[in-house]
Amino acid sequence: MPYINVKITDENVTREQKQAIIKGCTQIMVDVLDKDPQVTFVVIDEVKLDDWGIGFDQVSKLRENTLKSPLK
Amino acid sequence: MPYINVKITDENVTREQKQAIIKGCTQIMVDVLDKDPQVTFVVIDEVKLDDWGIGFDQVSKLRENTLKSPLK
Amino acid sequence: MPYINVKITDENVTREQKQAIIKGCTQIMVDVLDKDPQVTFVVIDEVKLDDWGIGFDQVSKLRENTLKSPLK
Amino acid sequence: MPYINVKITDENVTREQKQAIIKGCTQIMVDVLDKDPQVTFVVIDEVKLDDWGIGFDQVSKLRENTLKSPLK
Amino acid sequence: MPYINVKITDENVTREQKQAIIKGCTQIMVDVLDKDPQVTFVVIDEVKLDDWGIGFDQVSKLRENTLKSPLK
Amino acid sequence: MPYINVKITDENVTREQKQAIIKGCTQIMVDVLDKDPQVTFVVIDEVKLDDWGIGFDQVSKLRENTLKSPLK
């Protein structure tokens, strides 16, 4: 009965992408640990860019400053 | 000084129900462990139905598909 | 399908006390929100006294310094 | 590669205050544990006042009832 | 820069199984959201059977009582 | 009444270092948000190197393979 919490930045993640995350994480629990998917929870948290920091800075700042491909 | 985090699906939970959850969880800490309620935190997270998965599927999908009484 | 995480200090909590916490928290979900207990998880984390801080200090320090009844 | 999660009540925290929290927490990891800030995450969760309980009550209730300086 | 937390019961999970969980969850982030694996964290928590409850009971109790294939 | 959770790898962190983390994080809450330290919790989780993944790999693997200064 695993519980998986996925925290990602809130950047236009679609319903289909969320479904794929849930399906994929659940499948890993089945494949690797033989867990029962009916009692496997996956909870996704989308975090606003002002609320996620890396390298001393808010991701919202990083998005403004980056000309090159952004850190994802 | 317990910290209790309650994650539930976001389905019209009322202010009174939240108050009942907070009161009940705090009372358990007092009754079972003799904790001080003044330093007992209860934090409730309501999770959108697209963001909670069980049995490979989003709860939002389960709600659409279920004719019988829903999984709660 | 609630998920409840209870964080408490690691101070000789018995198996029976843990069972009472699990039972009590699950009952709240049933009583207040009509949740299904078969898909209600309660996960208890016991945190060592060096690893929990309140009021600038480790709880292990507070336990050493307190002559009066301790903060719980 | 630390992960720091800061949960606070949702009470008009500004972007600048969030930036200061992120900067400060990351600096602690660098100063105390010599961690690499480029792989140090700080995630802030703002919790609505109905969803945070202390002393048996919702913070939203406490805010209504308190004439003296509020518990923060 | 996702953060994934996997909570599972503490039942002889091998180092290789943990590696498979980490690899699999990271790959999902790359495949579904094009995330950078170098800043994707996966943290596994193994929870003792006395500390995980489902259906009002500790998993340790469920393991004792079950003759049929156990709930996993 | 903030709650701060600090997750770090389990690599000989001393009691003094933990105290410094608790003190520092609490001070940030006081300085930036004028929070009351008496109801500010800091909880530190030390995660075993097999249980933390980054860049597809367990940190325990990274520690074995790295000749240069390790990712921290």
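The chains carry the letters A, B, C, D, E and F, assigned in the order they are written, with residues numbered from 1 in each.
By our rule, a residue touches a chain if its C-beta (ideal position, glycine included) is under 8 Å from a C-beta of that chain, and two chains touch if they have at least 3 such contacts.
From a predicted model like this one, the values you see are computed outputs, not experimental measurements.
J.: Treat touching chains as neighbours: how many steps, at the fewest, connect subunit B to subunit C?
T.: The fewest touching-chain steps linking subunit B to subunit C number 1.
J.: Answer with same or different: of all residue numbers used at the interface between subunit A and subunit D, are over half used by both copies?
T.: Under half shared, hence different.
J.: Please compute the C-alpha centroid of subunit E, do the same for subunit F, then give the distance between them in whole Å.
T.: Taking the average C-alpha coordinate of subunit E and of subunit F, the gap between them is 21 Å.
J.: What are the residue numbers in subunit C that touch two or more other chains?
T.: Residues 1, 3, 7, 21, 25, 39, 41, 43, 52, 54 of subunit C each touch two or more of the other chains.
J.: Just say which it is for the chain contacts: an open line, a closed ring, a star, complete, or other.
T.: It is other, because the touches fit no line, ring, star or complete pattern.
J.: Under the stated touch criterion, can you name all the chain pairs that qualify?
T.: Taking the chains two at a time, the touching pairs are A-B, A-C, A-D, A-E, B-C, B-D, B-F, C-E, C-F, D-E, D-F, E-F.
J.: Considering the complex alone, what residue numbers of subunit D touch subunit E?
T.: Per the stated touch rule, the residues are 1, 3, 39, 41, 43.
J.: Inside the complex, what are the residues of subunit D that reach subunit B?
T.: 7, 47, 50-58, 60-61
J.: Write out the stretch or stretches of subunit E touching subunit F in their complex.
T.: So the residues of subunit E in touch with subunit F come to 15, 18-19, 21-23, 25-27, 37-46.
J.: Of all residues in subunit F, which touch subunit D in the complex?
T.: By the definition above, subunit F touches subunit D via 1-9, 13, 17, 20-21, 24-25, 28-29, 31-36, 39, 52, 54, 59, 71-72.
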